[in-house]
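What follows is a short report on a single structure.
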Amino acid sequence: MTALQPLIDSIVSDMRKMEDKGRVADYIPPLAQVSPDKFGLAVVLADGQVLTGGDAEEPFSIQSISKVFTLTLALGTAGDQLWRRVSKEPSGSPFNSIVQLENEQGVPRNPFINAGAIVVSDMILARHEPREAIGQVLRLVRDLAGDDTIAIDEHVARAELETGFRNQALANYTKAFGNLHNDVDRVLGVYSHCCSITMSCRQLALAGRYLMLGGRNPETGRQVLSAHRTRRINALMMTCGHYDNSGEFAFRVGLPGKSGVGGGILVVAPGVASIAVWAPGLNAQGNSLLGSLALERLAAGAGWSVFEGG
Amino acid sequence: MTALQPLIDSIVSDMRKMEDKGRVADYIPPLAQVSPDKFGLAVVLADGQVLTGGDAEEPFSIQSISKVFTLTLALGTAGDQLWRRVSKEPSGSPFNSIVQLENEQGVPRNPFINAGAIVVSDMILARHEPREAIGQVLRLVRDLAGDDTIAIDEHVARAELETGFRNQALANYTKAFGNLHNDVDRVLGVYSHCCSITMSCRQLALAGRYLMLGGRNPETGRQVLSAHRTRRINALMMTCGHYDNSGEFAFRVGLPGKSGVGGGILVVAPGVASIAVWAPGLNAQGNSLLGSLALERLAAGAGWSVFEGG
Amino acid sequence: MTALQPLIDSIVSDMRKMEDKGRVADYIPPLAQVSPDKFGLAVVLADGQVLTGGDAEEPFSIQSISKVFTLTLALGTAGDQLWRRVSKEPSGSPFNSIVQLENEQGVPRNPFINAGAIVVSDMILARHEPREAIGQVLRLVRDLAGDDTIAIDEHVARAELETGFRNQALANYTKAFGNLHNDVDRVLGVYSHCCSITMSCRQLALAGRYLMLGGRNPETGRQVLSAHRTRRINALMMTCGHYDNSGEFAFRVGLPGKSGVGGGILVVAPGVASIAVWAPGLNAQGNSLLGSLALERLAAGAGWSVFEGG
Amino acid sequence: MTALQPLIDSIVSDMRKMEDKGRVADYIPPLAQVSPDKFGLAVVLADGQVLTGGDAEEPFSIQSISKVFTLTLALGTAGDQLWRRVSKEPSGSPFNSIVQLENEQGVPRNPFINAGAIVVSDMILARHEPREAIGQVLRLVRDLAGDDTIAIDEHVARAELETGFRNQALANYTKAFGNLHNDVDRVLGVYSHCCSITMSCRQLALAGRYLMLGGRNPETGRQVLSAHRTRRINALMMTCGHYDNSGEFAFRVGLPGKSGVGGGILVVAPGVASIAVWAPGLNAQGNSLLGSLALERLAAGAGWSVFEGG
C-alpha cells in the first residue's frame, strides 16, 4: 500500500484544481447554497486509525446515504421479510423509477432508490409515531459514529417535504399497489428527515465502520447486524449504490458505495477501510463528480478494489 | 477456510438430492437433450491446485460465458474505444434488452447481454473473415485453459443460427443505429460459434485463472490483459453477469460471475480461486438454479465473498 | 334507418339475456354496490325526440364521462392554450399512463385519461375556490341537460379522494414537472367531485346534444362551444375516448364516445343523435362490456357510423 | 359546400408559398432526391367527378399508403382471423413500435405500423411465391384505380431491402414470437415491393374510391370488400393512420387517412370523396407537413369532417 496520508493529500490537492466540478443539486434551496469548491475526504482503517483531508470536518446533508442506515435498521426489525416488499436488482433506468414501479406492481427494484427507501421507511415507521422512528435512525447513526452531536437539519427536511412532488408520487403509487401500510405523509415525514441528517466526512466514515467489520460496531463492540447481512448490504451498495451509474462506479472504483445528492459518498473496503468523500458538484446521474474521481484514485493507489487479484 | 475438498463433496452430494433442478433450456434442440441431473464443480486455486466434484470432466455448451472471453479479446484490440459502443450498466430489465436498444439509440447496456456481445463480435470480426475471428477466440480459450482439445460444437452453432430470430432482431436493430459495421450474418456467425464452444468445468475453471490473477495466464506466464482491465472485467461480471438476476447473485454469492443458458457459471474469487459450476436446469431468469445455489454454499463455506470483512 | 324504438327495445332485451355482463368496478365501495343487471339506453335525435329503453331513468355515477364536460369548460376559458399542457394522442398503453408522463415530461397524452383530466381540472380551478370550480362544472352539465336536479354524490366523491392513491401519484408527478399550478389536494378535490356527478341515461344523452349540434345547446339556443372546437372534441372522443380500447371501439361502433368506470358511455352521431348507455359490468380495459356491444348493434342497425359511405 | 375547384386552386397556391416545407425523407437515396417543392392534390367525388391541382399527375412512391391496400387484400383472404395476429389500437409511441412488440409478445398494435404490415405481408404471401403475392397487390391497386400503368419502382424496392435494418429487426422479432410463418427475407421482399408502388395523386384518389363507396369498386361495379369491413378500415385509418400523429390528424382534419414517408396521404370522406395529396417534406412524426395542412384546409372549406354536425 502506498503511504496513505500522502495519497490523500495529493488527491485533495488535485481535486481542488479540477475545473469541472459538476453541478450542485438545486432542487431544494438549502442544497443549492452549498459552495461547489468544498472537498473533504476521511478514511477509517480497520485498526481504528482515522486519516482526513480537505473539508473533512464540515457537516453536509447526507441525503440518500441515509438509505444504508435505514436499511440496516429495517433489516434488524423486519428481517428477510423485507425482501418481499423490495427487490435487490439494479434499476437500470436513466429515468426515475416510477416506470418500473408500474411494471413491477409497486415493488421497488432495490432499497437504494427513492421508492425502495420509502418502503423501508414505512417498515421502520411500523406502528410508531414518525418522531420515534426518526429518533431511532438518528440514534443508530450516532451510535455507529460514536458521536452524539450528529443532527437533523429541520430546514432541509421541511424544504424536501414542501417540494418533494416526485416522492409524493412514488409513495402514492406504491400505496396504490398496497405496498405502503402507513399514511403517505407520515412515511414521507420519516423519509425526509432521514435524508436531512447532517454529517462530516469524519463522522460518516466512522459510522460506516460496521460495514467494513462484518457488522460489528467497534465503538460498542456490539454486532449491529450479522456478518451475513452486512456482506449483503455491501453487495447491494456495489450493484445499486449509484442509481444508473452503479455499473460505472463498480468498473472504476471497485468498491461498494452509496452516494447522496448532497455530494457525499460512503464507501467500504471490506476488512480494510471505511471511506467518506464529499464534493457537492454532481455528474449527470446525480453522483458526486469529484467524489467519484477521488475514490477511483484512492482505490487504485491503495490497491483496495475488491476485484484485485494476483 | 474449511477444508475445501470435503466442502465440494458435500455440495455435490446435496445438489444431487435437490428435487427442483430448474428447467433445461429448450430453445434449441441440442441444449434440450442434456440431462437435468448433471452436476459438476471445479475449483482452481491461486497456487494452481485443482479440485473437482461430480461431472466436472464432462463438456457442455458454455453459451454466454463466452462473452467474457470475447470481451477480453476485443479489449486487447479495440482498447477503451470499445466503451463508446457498449455501456457498462446492468440492464435492469426482466425483458430482453431490445427496449433499451431503442431508448439508448443502439448502444447496448453492457457486453454481457446478447446485444452487447453482438457488438463485441463485430469488433472482433473487424476486417477479418468470420472463420479467422472464430479461430482467434478459440485459440484464446485454449491458451487460457492450456488445453488444445477445446472445440466448437458445429451442431449447436448451426441450430442457434437457424432459430436465432431474436438475435437477428437485435443485430439488425443495432445496425439500424449504425452500431454494427459488418454484415449482420457474418457477425452472428462469429457470435453463434463463440456461444457454441464446449468445455468441461475443469477446462472452464482453468480458463478463468487470468481473472483471479490480475490478467496473467499462469500457463504461459504472459499477461493476457492488464491488471487494471482485468479488475474491470470482474466488476462487470459482478454488476451484469447474470442478466436481471445480477443483484440477487451478488447478494447471495458475493463473487463476480458469468452464467450461460447451457447451465454453466464461471466465478472468480480475485486472488484466491477460479471456479466453474455446471447444472443444466435454469431459474426463471435463465441462470443455472443449482449452480447458483452451489456457489452460494461454496462462497459462504470458504469465506470467499469479496464483501466479507472483519 | 330501421324504426328506432323497436331496435332499442330489441337491444335492451338481448342485453338483458347476456350471460357475461363483465365485472362491476370495485375500487371504491359505492361503485361496487351497483347491480350488474342494470341496463339503460337513451337516444336524443337532432329534432329533439327522445327514445329510451331499460333503466334509462336511473341515475348512475358518470365518472370519466365528466372529462368531456370539464374539457368543454376549460376550452371556453383557456382556449387553445390548453393544448400546451395536454396532448391529443391516444395513450396506447395497457398500463396506466404514468409511464408516459415520465417519458413526456409531465404532459399527459390526452384530456380523457386521468392525468390529462387532472391538468384540465387545474385549469378550471385557476384562481377560484374548489367549491366554485365544481359549481361551474355542475352548472354547465345542468344547462346542457336542461335539468337542475342533476347532482354530485358526495359519498362517491369522498370515497374517491380517500382511496385515490394512483390519482395522487399522477397529480404529484405532473406537479413535479411544473404542469400543475394549484395544490394537489385542491385539484383532486375538483377532479373527484366532477367524476362523482350522477346522471341517468336520459339526462346524459340530453347533455350530449351540443356535441351532435355543432356546439349549440338547443335548450337555450346558445353556442356552448364553436362548431370548430366541437368537431375537435368529437375527434378526441373517437381516438381517445376508451383508454386503450379506443381503436377497437372506433372499429366496432364507428362513433365518437367517452366511457366511465361507472358503466356509462356517451356517444355522438354528429348531426344525427346523442346517445347514452349504461351497463355497470366492465371489460378488461375498463369500458362497459354490454354498453359497447349495445352501441355496436345500435350504430349498425341505424346506419350511424361516421365511416359509412356508399 | 364551397365551389371545390377554386378551393383546391387556392390551397395549391397557398401551399406553394409556404416557407417551411418540412424535411424530405432521406433514409433511402431514391426518396431523398425528390424535390421538396412538389405539391399535388386530387379529389374524386362520389359521382365520379375528378378535380386536381398542382403536380397531381406526377407519380411518387406511395410507401406506407400501400398498407391500406395490403390490408384490404389480406382481409379478403384471411378474414377476421387476421385480427388474431394484429391488434387494432393506436401505437401511442413516439418511438418505433419494437418496444410494444416486446411488451405484447409479437402482436403488432395495428396493421398500419411497419410491424403490423409485415405480418399482413406474411398472410398475403401465405404459400405463394413472393412474385405472385406482389403481383396480386399490384393487380388490386390497378383494378381499383382503373389504370394498368401503375408500377413498382424496383430501384426503390432494392434500396429499401438493402438499408431496411429496422424492418429486418421487426420481422425477426415478430418471428421470434411465432407470428411470422414465412422466411423473413421473403416476407420483407413482398413488404418492400408494395411500399415501392409508384402512383400519382390522381391514380391514388381513384384507387381510394372503394373506401368512400362502402367497398364497391365503381370501375368494375364489384364489391372489393363488404361495407362492414370497409367501414372498419376507415375506422383504423382514423385512429392509426398517421403513426403517433393520428390523434392530431383526426383533431385537425377529421377524416380517415393514411400517410406515407414519400409525402403522400390518402384520405376518405365516406360517401362523399376520395382524396390524395402529395408534398414530399415531412413533419417530425413522418407525415407530409404541407399535405396535412392542405387537407385541414380542404376538409374545413368543404365541410367534410365526419365530426361535423348541426
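Just a few scattered comments:
As written, the chain order gives the labels A, B, C and D, with residue 1 at the start of each chain.
Following the convention adopted for this analysis, a contact is a pair of C-beta atoms (placed from the backbone, for glycine too) under 8 Å apart; a residue touches a chain by one contact, two chains touch by 3 or more.
Quantities reported herein were computed from a predicted structural model and do not represent experimental measurements.
The chains that touch both chain A and chain B are none; no such chain exists. Summary of the copy comparison: rotating chain A onto chain D for the best CA superposition needs 180 degrees, to the nearest 5. Chain centres here are C-alpha means, and the one lying farthest from chain C is B. Of all residue numbers that take part in the contact between chain C and chain D, over half occur on both sides, making this a same-residue interface. Taking each chain's centre as the mean of its C-alpha atoms, chain B lies 55 Å from chain C.
Put simply, the C-alpha centre of chain C and that of chain D have 32 angstrom between them.
Remark: chain B and chain D have CA centroids separated by 47 Å (rounded to whole angstrom). Annotation for chain A: residues 103 touch two or more other chains. If you check each pair of chains against the touch rule, the ones that pass are A-B, A-C, B-D, C-D.
Residues 46, 87-94, 100, 103, 109-110, 211-216, 227-228, 230-232, 234-236, 238-240, 244-248, 250-252, 254, 256, 268-272, 300, 305-310 of chain A are the ones touching chain B in the complex. Against chain A, in their complex, chain C makes its touches with residues 95-96, 98-99, 102-103, 165-166, 168-170, 172-173, 175-176, 184.
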